[in-house]
Amino acid sequence: MISITHFLVVSAIIFCIGLYAVLAKRNAIMILVGIELMINAAILNFVAFSRYDKINYGGQVFALFAIVLAAAAVAVGLAIILNVYKYYKTIDPSNINELRD
Amino acid sequence: MNISPIVASLLVVVLPFSAFVIQAILGRRSVSGNVALMAISLSSILSAGCVFFVVWTGEATLERITWFTIGTKSFSVGILLNKLTVFMQLLVCIIALPVHLYSRAYMKGDDGLHRYWMYLSLFCFAMLGLTISINLLQLYIFWELVGFASYLLIGFWFTRDAAVQANKKAFLINRIGDLGFLIGIALLYAQVGTLDLVELFGKSGFFSTETAVHDSLQLLDKNSAWITCAGLAFLLGAMAKSAQFPLHVWLPDAMEGPTSVSSLIHAATMVAAGIFLLCTVFPLFNETVLLVITGIGTITAFSAAIFALGQYDIKKILAFSTISQLGFMMVGVGIGAWDTAMLHLATHAFFKCLLFLCAGAVIHEMSHVKAHTNLTFDPQDLRNMGGLRHYMPKTFLCMLIGALALSGFPLTAGYLSKDSIVVTAFEWAASHGGSYFIIPAALILVSVLTAFYIGRLVFKTFFGSFSFREHIAAGKPSLHEPPSMMLWPMLFLAACSLFPLFGVQPLAYQQTWIIRGFHVEVDYPAQHAAHLFIPLGLTIGAIVAWTVGWQWYVKQKYPLRVDNSWVQWANRQGYLNELNDTLFVKGTLKLSDLLYAFDRYVVDGLTKLVTWVTQRIAVFAYWVDKHIVDGLVNLSANTTYYIGHLARHVQNGQLQGYMGFALTAVILGILYLIIK
Amino acid sequence: MGALSILIFLPLFAALLILALPSSLKGSYRYIALVFTLAQLALSLYMYQQFDPTLGGINSISGYQFVEQIPWIRLDLGQLGKLEIDYFVGIDGVSLPLIVLSSFVMLMSIGASWHVEKSVKGYFALLMVLNMAVMGIFAALDFFLFYVFYEVMLLPLYFLIGIWGGARREYAAMKFFIYTLLGSVLMLLVIVGLYFSVVNPASGAHTFNILLMMNPSNYVDGSFFGFLGNYHEVFGVPARLVGFIVLFFAFAIKVPIVPLHTWLPDAHVEAPTPVSIILAGILLKIGGYGIIRVCYSIFPDIAADTNWWLALIGVLSIVYGALNALAQKDLKRMIAYSSVSHMGFVLLGIASLTAEGLSGAMFQMVSHGFLSAALFFLVGVLYDRVHDRYIYNFRGLANIMPTYTAYVAIAFFASLGLPGFSAFIGEAFVIIGAFNAEAMLTGVPRWMAVGGSVGILLSAAYFLWTLQRMFFGQTRLQGGEKWRLALTDLDTREKIVLLPALALALVLGIVPSLIFDNLNASVIQLLDTIKPYL
Amino acid sequence: MTYTVTAPITDVLDQIMASIPLFKPELLLIGGFIATIVSALFVGKRLRNFTFAVYLLTILITIYFLQAQLPTVATGFSGMWMIDPLSTYARIIIATGGGIIGLFIQQRHKLGNNGDVYSILLAAILGMNVLCNSSNWILAFIGIETVSIASYVLVGYFSQNKAQAEAAMKYALFGSVCAAVMLYGLSLIYGLTGSLDFQSPEQLQGLMVAPEPILTIALLFVFVGIGFKLSFVPFHVWSPDVYEGAPTAITAFLSTIPKIGALILFTRLYTAWSSTAFYFSDLTTSFILFVSITSMLVGNLAALRQKNIKRLMAYSSIGHTGFLLMAVFAYQANYPYLLFYIMAYVLMNLATFIFIDALEERTGSTALSAYAGLGRKMPILFTSLTVLAVSLVGLPPTIGFIGKLLVFTAVFDTYQMADEGAVLFLLIVGALTAVISLFYYFRIPFYAFLKNNESPDIVSSDSKILVWLGYVLTACVILLGLFPSILLNLITS
């Protein structure tokens, strides 16, 4: 029998993977992917929790909105990364540091 | 004349001031000094005719107006005319008048003469105002103005470095005294609540017995610590003004000023102001303070006399003798017989002024010689003089009178006053007994020394042969009597230095009108023997001193007549003289040099040291200010700046670095919150 | 619009007028400034003449004169209560002399800035704004208003020093600004605290009215600065004490006291002559004024407790400043440090809590006002000629500039406290008051008074020394013949500027009642407010 | 939520219909959004400024509707949408600011057909309104994301060089990460409380009983998202780079408008959560204290070393955020000073950026050193800039001072109530940072007036309107500084 705990653990793992990707990957696209993972972890949580929210399924609603917004954000992100590539000919964030103190 | 004394005395003060203003406005156009002269002579007439005689015979009057009010206390200014004040005022006038006359000739041709007259009038104004002030604050104001005027006059030749140094020194040392005075005032005000002399000491001053002790003073214990402090503070003020040991160092240097100035300010009037102050606040002093005063007076009298022995600069000798005589007056106050002090103040004013004027005349002529025969020598140095009596007999006469008066020969005024002090001191010592006899003994010794050094001065100047005779023999009659404009004042003062001015009896100081004028009750019995022996002793001592001096400086040592039945005796005498020579004269001179060196290098050196130390401290303080105080300020500023620099290390442009930083912060926060 | 408001805002009109005029008329700016300042002086003199010396002022509104009170900001902050800010001005015996002094010194500085070339428009405009701010500070009776003027004063000064100043002007300007701001921001917190502690009995609203803050009965019990039931502590220090210290700190920077004085020498040395005149002549007085008007009147209880320390600081400043002055080689720096020393007397006098001391302090402020102004002007005269102020580069100036030397000598002797000049009255009565303090049991020991009087001696020392070094002796100049030609004697303008100041010093020295008469009532009232807590 | 399943569907519909009027301004914005897109697509080619006209029109009408809404206090859409003066005023400020920014962009980026930037602006404004008017996490998140995405686009929109592209990327990625983290935190909170309305009693009760560790994680994660929007420490790192990289008009936008919405949200959140005596309330309170103090310190200290004016403004806005948090902390059911400070802040920043932009146009640089000696060339402009600096420091007689004073007043009141050392520390830091800020704000007049540069090369500019707008705003800064009652009475009435 799969309990809520399992969901939470899984989502936590996914979140951490995403976090790792965001912090460690030397590629902007991978960072976007990491972000996606983190968001999905959250969405998983929402869905899992909404099981206990019989009245009005807020969690599921939220999950839907989150998916939409994440998609939008990623779209914009990709566009911007393309734009960056146009100027830098690389998308390794560690090389993109014109702006600094 | 029917002017009220108040108005008259006011005029006496205002006239010189107006003269000062007029000359200040006229500037270079008034070099004749007529204005000043006119003012001072008018003042003298008024002071004598309408103030002195009225008040001295009648009783004291006063007039005061409210000056300003602070909080609820109101301070008044006004005029207090009692015997003491009017006497002092008259004295100042009488001395100032001849000096003005003298200056006309003495200062002739000096560019900046207009300044000279200006300053002189200012000084007279301040000094005269000082004499009749009713309020201690007012007195203080004039007191400082006097010092200021003397500052200006000492530095009259401001291009001479020595002069400028001297006047700075004089002002600063006087400033110390002024502080004492100010502190005294403040303490008195804090204790009694008023600075008005009348409210403090009663209308006609302290010498009219019935008001001797004032009620406001009765309230508080005269021997309380603070009153003692106040007394000592006033003493400090007097010490600086009257050049008492160890604050006397400024007076010898002050001789850099014109001689006429020295005669007026640094011999007769200003330096006497200290004594005058002490007399004014006399009731304040308790036994302790009085004893201190006596001690200081004695030390001053003795040391200064010793210093005078070794000098060659004619003015320096006179300066030291002034200091020593002021010491006498101090003793007079200290032993409670301030009337004798005033008497000596008066007589001393005359003969010391005379001596200075004569010295001035001599220097004047000497510098003429110097000018004509293009030699380079110091016109003030005794060693360059000698035999001048042939060239300037009248001057010689005046000088002689002055010298005799100073050394206290009978028939001179000096005899009266000096005896009065010594005798009273003796009586005082007798009543206290024991070690107190040191004081009169010291005084007697001092007066012998005085006689000696002044004799030396006279002999060295006027006897013997003139050093530069051959130059003058060359026909240029450049060495002669001073012009009559200078001569008359000298003669006048010479006349005043004799006994008739002070009393009909040439030998009894009690009979002088001054002593009888302010009759002081001293609380110790009269010693009639003393009145006989001490004067005698003094006179003999003086004569001996003069003879020794004569032997030494005129006869150039003992001309032995072989064909004389006295030879052996004379020889023995001679041996004695050898003895005397080695023991006393040489010894004294050595001692003198020694002590003078001490004075130069220790006492005066002390002031130099203090100056030096102060400057070092100042430099140090500035160093601290610049590097530590301000340094801290800048340090804190820079630290802030540096922290700002640290805060920027995060901003390395690495996106993931940013994320890492933010998330690490969050994680740390979480950990902290969970663990705590 | 009453006389006082006109006095305050007249310069503002002048500034606007100057800004409005095109630069082609730049010659006229100085005349505009001059005319307006003259009018201001006339007005202030009229007030002086109209002033009723019997009224005390300090903490009683009825005791103030030329009062104007107009509601300015009224605001309901919910449960924060009502915000009540008035345009509230008026003068009493304490502010009157300072106002007259300010308008006088302003006139002097206009005279001193006659030959300014660098961007004249901005210069005079800023000067006028500064003028307005200063007047406002001395007249304001509402703490908010006071603070506004207090801060507004800073900006013109920053630029006046920073733009028209000397070599290290940026450093000096910023230092000055930071120092003062540091004091004033903390002051702002205390103002807020007072605002919450005081209630206007009439309207029941919190208020910034200074006079209401002086009356213990207006304080809310248990409020932060309240008199009664005040348990508040800041880091273990009672709240009222903290408030007093913070306010004192703010004003002490202005006075300035040791060790908060280091902005002063730099500011003075770098500032142009007119600004130095204003700095020394007016701004330092704001410190003393603030201590009397704010610290002592609003916190009488603390004042009674702390005056021992204040007196100590005063004595320290006196001696320390004098010693520093003695060590200076730059004439202007020396005079700057002498200001530190002379202002120390003000603090000592105020702290003595005696009628003599307080009056002496006020008198000293006024006298130092125009004496230091004159001194700085004299330095400026020398600097204009040869652009050098190094003392050892000059010698025997008396031979080539006799009139100048005479003026300098008078100014020096006046400020070293020669009787007959105003400084003497001030210093003497500060000393007398300090001595009297022990008899009055205000807790200032007499050794402090002695220490203070040492300062008089030292001041004589450095002034005379300078006189001897620079003016007397044979003429020797660093710049040789070039300087000798450049060093012309005073011209008429300079004499016109200097004479009134020195004359005033003399007049006040001889007739001190000109100031004391208007002062006494206020001083007595202030002492009465403090007495109960002694 | 205020209704139950048992309610018949018709009631729900009625209620929704009833709530529509409350949503009017936002509907209008949506309409404008579409209209601008359309016009940008079809009309923009021929009539260059048509889109802009539409945009302005939308803004104006919105403002009109909003001020009509002023007195209303109501909730709609079954409690998801709430309207009170606070939000309404906030939205008015946002809309006005949006209008000015629009003008700014229109003036500065005339070339090419960039009509759809206005639609993005409108989207951002819409998102902000949503933030202001909701206490529901869903709406809040939607709002935040809308604003964020719009902002990403705006930053990247004009990108013509490396810096701008980089700025866009950093902004987007950092923002998305923060959003993701926040979302995760929200999910946790949802799980802990079963409610998505942070003012609802259910949620509060849930938070009361929730286990502390998990709650800590949840709350901090949520704050991450808000922190990113408000850019307070430690989530400020992106702002200097982005401010510097983005076109000045956009920087002006970023530094003002998005903060308002987030701030209102945070205010509501804080007031809702700090009210209890439980762990999460303490956590929230201490968090806001800590963050506000560190933000003031870090922002002002780091600004000391900046040589680029836009970076400097970035740090200064971080410092101001800290100060705004101070206001939030002292917020007790009365908003005047909060709103007043927001207005002051917006006013000052917009004006400053307008001038910065004008100078950038003339000197071609945003380095402070480029201003050397320009004070004499453009006296009025730099005088205004100096006035703004004074206001930013918070000295009288400017609006900045009144704002500071009001905030101090409020905070001091809380201090007097709860005699807490931390609050006092907050006050002192607030005061001292003002002194520090003087250092760098006065670099501007320092370079302009005190430094001498005989031949500063400047090209003349054509966008006069903008500069005049700047002057007007500056005038307001002083006017409102002298007579704040004008504004305050408006707010409090």
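Lettered A, B, C and D in written order, each chain numbered from 1.
Here is the rule we go by: contacts are C-beta pairs under 8 Å (C-beta built on N, C-alpha and C of every residue); 3 or more make two chains touch, one makes a residue touch a chain.
Source: prediction; values computed, not measured.
By number of C-beta pairs in contact, C-D leads when C-D and A-B are compared.
At the centre of the protein atoms shown, by the Cα-centroid criterion, sits C. Taking the mean of the C-alpha atoms as each chain's centre, chain C and chain D sit 44 Å apart. Averaging Cα coordinates per chain places chain A and chain B 100 Å apart. Separation between the centroids of chain A and chain D, computed from CA atoms only, is 25 Å.
Rounded to whole angstrom, the centroid-to-centroid distance between chain A and chain C, based on C-alpha atoms, equals 65 Å. Of all residues in chain B, those touching 2 or more other chains are 648, 651, 653, 655, 659, 663, listed in ascending order. In chain D, 169-170, 173, 177, 181, 240-241, 305 are the positions where the chain touches two or more neighbouring chains simultaneously.
Shared contact sites, meaning residues of chain A that touch two or more other chains, fall at 22, 31, 93, 96-101.
Pairwise, the chains that touch each other are A-B, A-D, B-C, B-D, C-D. Contact residues of chain A toward chain D in the complex are 8, 11, 15, 18, 22, 28, 31-32, 34-35, 38-39, 41-43, 45-46, 48-50, 52-53, 55-56, 58-59, 61-62, 65-66, 69-70, 72-74, 76-77, 79-81, 83-84, 86-88, 93, 96-101.
For chain B in complex with chain A, the residues that touch the partner chain are 648, 651-656, 659-660, 663. Listed in rising order, the residues of chain B touching chain C in the complex are 67-73, 137, 140-142, 144-145, 148, 155, 158-161, 164-165, 168, 171-172, 175-176, 179, 182-183, 185-187, 189-191, 614-615, 617-619, 621-622, 625, 629-630, 633, 637.
By the touch rule above, chain C contacts chain B in their complex via residues 175, 178, 258-259, 262, 320, 323-328, 354-356, 359-360, 396, 398-399, 413, 418-420, 424, 428-429, 431-432, 434-436, 438-439, 446, 449-450, 453-454, 456-458, 460-461, 464-465, 467-468, 471-474, 511-513, 516-517, 520, 523-524, 527.
In the complex of the two chains, the chain D residues touching chain A come out as 1, 4-5, 137-138, 141-142, 145, 148-149, 152-153, 156, 159, 161-163, 165-170, 172-173, 175-177, 179-181, 183-184, 186-188, 190-191, 194-196, 240-242, 244-245, 305-306, 311.
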